[in-house]
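Before we start, here is the structure in question, set down as structure tokens.
In this document, chain identifiers A, B, C and D correspond to the written order of the chains, with residue numbering beginning at 1 in each.
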Amino acid sequence: MAKKITHETALLGLTAGIRKAKELNQRSTLSVVDEGGHLIASIRVDDAAFGTIEIAQNKAYTAAAFRQPTAAWMDVVQPGAALYGLERSCSRPFVVFGGGFPVFDGDSVIGGVGVSGGPVEADEAIANVIVSAIQEK
Amino acid sequence: MAKKITHETALLGLTAGIRKAKELNQRSTLSVVDEGGHLIASIRVDDAAFGTIEIAQNKAYTAAAFRQPTAAWMDVVQPGAALYGLERSCSRPFVVFGGGFPVFDGDSVIGGVGVSGGPVEADEAIANVIVSAIQEK
Amino acid sequence: MAKKITHETALLGLTAGIRKAKELNQRSTLSVVDEGGHLIASIRVDDAAFGTIEIAQNKAYTAAAFRQPTAAWMDVVQPGAALYGLERSCSRPFVVFGGGFPVFDGDSVIGGVGVSGGPVEADEAIANVIVSAIQEK
Amino acid sequence: MAKKITHETALLGLTAGIRKAKELNQRSTLSVVDEGGHLIASIRVDDAAFGTIEIAQNKAYTAAAFRQPTAAWMDVVQPGAALYGLERSCSRPFVVFGGGFPVFDGDSVIGGVGVSGGPVEADEAIANVIVSAIQEK
């Protein structure tokens, strides 16, 4: 049976993420959700725009909801592609650009991480640091 | 007067669908709605991601709402096409990719079936098995 | 670590619940959710009104969200009581009348059951049968 | 010009709040919002029910929105009282029971704190600790 992400592990992950955000000079919101997509911890770095809050959470939620990085959907939801409209097919929006990753314990998805605030590459770099910090515990 | 889908028939359809999902090695949510688009029965196969739940229901709902397979709308909702934006034209989202089918009794639509979890082809194969099992009763 | 409710166990619970509903002559919707409040299985008994569908799901969701029977909140949300307005304090409504119960594995809540369709006493009797059938597995 | 709550101060406040929650043996969600009601930081203590997440945030939001403790509204929103229905008068719900407090810098409100998970008295005790820790910085 897979373990759960404790609040201490989540905070430890966010602290590592904040460090990475500063290193990349990004002002971002960083979020961690559990297996069911429910928020464990979120932190908005100073001067991050408030528009980043829900995007970070929805990225983490989307990663947990489908057990895939959010960017995995980008091609397939385009006009003419197989799942056009997926991102708005449910009452709560899914995010299909990069910055959300599932968190694994072995083969099981035990949560998700989402970062919003910078270019997709920076969001993903920060999110990866958080995921690694959580998975290493 | 067209017949109604009983809950026993719906369960029988879902059981056939679960068998097909296992055969195809898909972890999916399978839903059956009535003529009014209202849920009769839904089942989420073990290990299906929770993101599939509402999509399956919205596919079944969409199929009942328009009496068409969900995939029938895909071309016409594309950018530049005649019904661009149809999938978000109402408070509840419609799904315009495959996996939802109406259920007929003769010429009358008596409900809808929706499946979400795998590639569109697998979702449609599973949904077709459910529709057939219901229509054969 | 607590176990998960499989779809087979959920169906077995719903089958026991349908039997109880017939015995009580009630037309109800019966729902089972996982630990995160996400639907595993739902069935609407023949001739149950469609208004019962979401109530049953929201009862199961509320029981999982707070790990309490839904009826536990009834007194405390009344005008003048300590948590007046709790049922509408979040974007998704909570149900505070009877018919929703958490499902336990030992001390851990692993899901919720909700039933809607009859008088509160009947809803609770049916829900209890479902909870017992699931917990006995 | 009033100061802003930095993310470091918010985390420091939440850490003090977690300590208080453990002392009171409560499993709660603790949230801090800025002057605009937008989330700065949130943490869900291990084993806190997921139903507490949005309530904690809505308490902090309500405190910032009206620059009052959430409990200040309780009497006046009762049936027959002057602002009956206030808690549902906007698209986002307000919370009118205790557990939310504004954060001051001198006479200016610079944010809000919300706690959900235990009895109102415990939520308020934890929230007060967070507010003090933030205001002392």
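Simple rule for what comes next: contacts are C-beta pairs under 8 Å (C-beta built on N, C-alpha and C of every residue); 3 or more make two chains touch, one makes a residue touch a chain.
Owing to the predicted nature of the structure, the values given are computational and were not obtained by experimental measurement.
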Self-check item: Chain pair among B-C, A-C or C-D whose interface repeats that of A-D, sharing over half of the contact pairs by residue number
Solution: B-C
Self-check item: Chain centre separation in whole Å, for chain D relative to chain B (CA means)
Solution: 42
Exercise. Starting from the mean Cα coordinates of chain A and chain B, work out the distance between those two points in Å.
Key: 30
Practice problem: List the centre-to-centre spacing of chain B and chain C in whole Å, with centres computed as mean CA coordinates. | Solution: 25
Quiz prompt | Sites on chain B at which at least two other chains make contact | solution = 50
Self-check item: Every chain pair in contact, whichever chains are involved
Solution: A-B, A-C, A-D, B-C, C-D
Quiz item: In their complex, what parts of chain C are in touch with chain B?
Solution: 4, 6-8, 10-11, 18, 29, 34, 36, 38-46, 50, 53
Exercise. Provide the residue numbers of chain A that touch chain B in the complex, in ascending order.
Key: 36-37, 62, 64-67, 79-80, 82-86, 88-91, 94, 109
Quiz item: What part of chain A is in contact with chain C in the complex they form?
Solution: 1-3, 34-38
Practice problem: Please name which positions on chain B make contact with chain A in the complex. | Solution: 49-51, 54-55, 58, 74, 77-79, 87-88, 92-93, 95-97, 119-120
